[in-house]
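Chain naming follows the written order as A, B and C, and within any one chain the residues start at number 1.
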Amino acid sequence: MGKQAKISAVLVGIAAVATVAVSAASAAPQATPGVTAKTIHVGGTFPLTGVASAYKTIPAAESAYFAYVNAHGGVNGRKIDFTVVDDAYNPAETVPAVQKLVEQDKVFALFGSLGTATSLATWGYTNQHKVPQVFLASGDAYWGFCAHKACAGSPKPYTIGWQPDYASEGRMYGKYIAANIPNAKIGILFQNDAFGKNYITGMQQGLGAKKSEIVDTEGFAATDTTVTQQVLALKAKGANVYFIAATPAQAIAALVTATKIGWAPTTFLANVSNIRPFLLVAASNGANLDGLISSSYLPNWNQQNLPGMKLVKSIVGTYAPDLSSDLAQGDSNIVYGMAVAWTFVYALEHAGKNPTRASLETALHSMNTSKNPFVYPGLVIKTSRTDNFPIEQLIMTKWSGGASGGMLGVGKLQNTGR
Amino acid sequence: MRRRLVPLVLIAALAVLLALAPLGLSDYHRGLWAHVGVYFIAILGLNILVGYTGQISIGHGAFMAIGGYTTALMSHYHHLNLIATLPLSFAITFACGLLVGIPALRFRGVYLALATFALAVSVPELPLKWSKWTGGSGGMQTATTPSNLWLYAVSWTCAALAFAAAWLLLRGRTGRAFRSIRDSELAAASSGVSLPIYKTLAFGVSAAFAGVAGSLFVLVTNGFAQPNEFTVLLSLQLLIGAAVAGLGSLWGTLAGAVFVGLLPELSTAVPFVGQGHGQDVVFGLIVIVVMLLLPNGVAGLLFAIDSRFNAPIKSDPAAS
Amino acid sequence: MVAFAVKRKTKVSTGGSLPVLLGLVAAAVFLAVGSLVSNIFAQQTVAGLAQGAIFASLALALVLIYRATEVINFAQGEMAMATTYIAYQLTLWHVTYWLAFFLTLVIAFFLGVVVYGVVIRPVQHRSVIALVIITVGLFILIDGLVTWKWGADLKFMPAPFGNQVYHAGGVSFSRQDLGVLLVSILSVILLWVLFQFTRLGLAMRAAALRPAAAALVGVRVDWMLAIGWGLAAVLGAVAGLMTEPSQFLQPTMMQSILLYAFAAAVLGGLESPAGSVVGGLAIGVFLNLIGQYWGFATAELRLPIAFVVLLVVLLFKPTGLFGRKQVRRV
């Protein structure tokens, strides 16, 4: 029993010493983590792979915008260094990824991380370590309510969202149905986690007295790609209004399956999925898009000549040519990414010449601008100590033009705030 | 006398090294090595069942899930002290292992593999079904989240205890009974070894180890328990870790744990395939190469090196 | 011994005992009556058959390999997925869908033979544990290679059968579902013809059943087993291509299908091709109907239910519906 134990011990010893050496070399305490004289290091987790990989163009667009800003002097002389980490929309992967960004990469802030469940898995950790968790790509109402109120055990002042929250969106659809669709029987297909449930709560609030018009809700797991059983159940309950609270992959399945089983209700689609290239895939698999209702806070398909949209095109052309074909197909994720990145630069510029995490937080809670070129014309981004929802406006949209059309605005921007 | 002393001194040296290492490691690396400790315990347990008793299981991720959720739920709802959840986890998964072991007596070989595979696939779905209590796909958080130093200390202490317990169990009558079942069930039964008792016991013990590993796994993941942490792939990784370690011998366990625990980190440095999920290429290749060329894993390699230096007597019949 | 193999001319005598066949006929009658009575029953049955056909295709591949080499190939789903990506690449190179389909089948055959020769043959006579580990390693390796080459984000292929939906008395049938069903049944029939009526099929059956005796009469056993793996890879490719429209193209697309295919193969009998098809269709329909009529059985329980079926079969009739009882001689 002698030599092999010795060899094991030696091998382990070498491995341990190597790890110690490597980590000792990389440890270097900083005053403000992530900020040096020349750079600001931020990081975010995104679904670059997996079921929600429809959103992979968001961090690509954000990186392109930062490259554009960096090429024009950066923020107060500092360039933004953006680390994008893949978590495959899986909270089990997000947690170690965020730990690594905070503990090993020592980022200044977490920026733009995508996902509701993924963010809920990490917001306890980030707030405990006082790391700003900025502009989550998620519309959970929690991001707006919990800055000073205790949610899941404690207030979360370091977390802030950006887009209009899902509950408000659901509320808007509910009010619309109550006002415009008599004798509605509503069937809701929802992702069975906090993301999907936000919409149901909102729709119930919007319907008010007509809440009982929701005849059935069917949930699916975030990793499922088939929803046949659920859609069949909704049809069986006699629903004539169909609300799809899903990300693009399942939205495609939801739309195609409805056609396959011969069901043609009035369909509402959560605006996280009204991404044109993916709706076109649904159309090519048989879904009928005309009349599909959704909402938006970004420019419509027929607003390509706005100065902001032209800027998107030029930035993509120079800094992210790989995104050109997606942009040409109308991938609004790219516009979204630039809009959020613009807002982050705006906040950084207002965080002082030498930003700290505290000064960033102050800037984030005193935003007031309508100058974001990438959002719907006239949209205001506003926060205060008591208002943690940056955007509280939406416009209803409807698809027209068949397989070569797009989502067009209906009416005007509405206030969806509380 | 000297033959006994040398390995004891070496084990002591290893223990000291492991104890002192966190002082020099960065906080992030302490967390990584805590992960390795978790896999050490799980692979140890799996080896008892697969390597020593010859019963295949591709379902130990399910026991890790049960242990992990026990800790998360007890801490979240009852604010139970995190360390106190470990023995509770051990007891509950031991019982589950026995429950699984009893019907498993009827299965052999490939059918046992499929039955345990069924377990690995089904158990992680259950928190989704009862999401009101388990947090569903949003996961469940413990009441307190320990520091990386704490995690390192606790997981390696448990690993040391587990190793000692496994060694004591396997060198005695139980261990001989296990090995006889692996070598020939018929011969074992004919010599009076009770197959039902020892096979079920093997399931129970290995499940208990996996349960504790699962509890620590949740703690290492910032106290967050979620079904996707316990997919089929986890069960497959444990089996592979045990194979690389060397089935039927405890000495390679550390190598197996390092392989499974650190490979995702290290493989990002491999050229060509490094980025993103190309780590699976490295992982899969190594497993296939190991099975083709080193059928007894790292432990087998160590025995081979040892037998070159020492007497022609094979030191452990398990390595054959 | 070889003569014994020739005697089995019809599927009925392969192992399906009378009670099992009567049960299946009763089930078919139940489904027909139910469909006539209730539209939603019919819709669920049709959807279940379409899904079940996909399980059946992959289960058929599993059974083929198990019959030939007694190996449970955990990498079958990943092999199917990888060949689907190859078809995708061909369509990116502007090859039309159906030409890409058949080219992929040819490529899949060669890949199956290569995998057998390089990875399986050297370890064929080792323990079950070793074989399971090797196929698991293959699973991970193939997953890694596909991710490395094409990435793990969602991709989409053109729909194989078009998007038309036919309506008959309140029930809708999509051309897609009907196409999948037909292709799966066609594969089984072709395979059956191969095994029953060709010399190659005879040699393959002999090599699987009595390798030593077959070798004595001149059958090249190793090549027969390799061809078995090749054919299984072809079936896997078919399964993958039929799955893509509903699961989209991503490296994990076949993972859940593989799990249901295991349940289907065990239900039908690990040694019976016809059994795997019946098993697949049965599981597809059963899951849909139980989901429809038993409120507790929500979508999260589909996998656990399929595996409860697997466990029940293993406990009470381990050789499955169409399997033959095996006696262990000591």
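Convention: a residue touches a chain if its C-beta (ideal position, glycine included) is under 8 Å from a C-beta of that chain, and two chains touch if they have at least 3 such contacts.
If you're wondering where the values come from, they're calculated on a predicted model, not measured in any experiment.
Contact tally for A-B versus A-C: the pair with more C-beta pairs in contact is A-B.
Averaging Cα atoms per chain gives one point for each, and the point farthest from that of subunit C is the centre of A.
Per-chain Cα centroids separate subunit B from subunit C by 32 Å. Between subunit A and subunit B the centroid-to-centroid distance comes to 37 Å (mean Cα coordinates, whole Å). Centroids built from CA atoms put subunit C at 39 Å from subunit A. Under the contact definition stated at the top, the residues of subunit A that touch 2 or more other chains are 48-49, 192, 221. The set of subunit C residues touching two or more other chains comprises 147, 151-152, 298, 300.
Counting partners per residue, subunit B has 128, 276-277 as the residues that reach two or more other chains. Within the complex formed with subunit C, the residues of subunit B that make contact are 50, 54, 56, 58, 103, 106-107, 109-111, 113-115, 117-119, 121-122, 125-126, 128-129, 186, 232, 236, 239-240, 243, 247, 273, 276-285, 287-288, 291-292, 295. Interface of subunit C with subunit B (complex): residues 66, 70, 72, 74, 119, 122-123, 126, 128-130, 132-134, 136-145, 147-148, 151-152, 255, 259, 262-263, 266, 270, 298, 300-301, 303-304, 307-308, 310-311, 314-315, 318, 330.
Every residue of subunit A that touches subunit C in the complex is listed here, in rising order: 48-51, 53-54, 56, 88, 192, 218-221, 224-226, 228-230, 232-233, 235-236, 249, 252-253, 259-262, 281, 284-286. Listing the residues of subunit A that touch subunit B in their complex gives 1-9, 11-13, 15-16, 19-20, 22-24, 26-27, 48-49, 86, 90-93, 95-96, 99-100, 103-104, 117, 120-122, 124-125, 128, 152, 192-194, 221-223.
The touching residues of subunit B, counted against subunit A in their complex, run 3, 6-7, 10-11, 13-14, 17-18, 21, 24-29, 31-33, 128, 131, 136-139, 141, 145, 148, 221-222, 224, 226, 228-229, 251-252, 254-255, 258, 276-277, 299, 302-303, 305-306, 309-310, 315.
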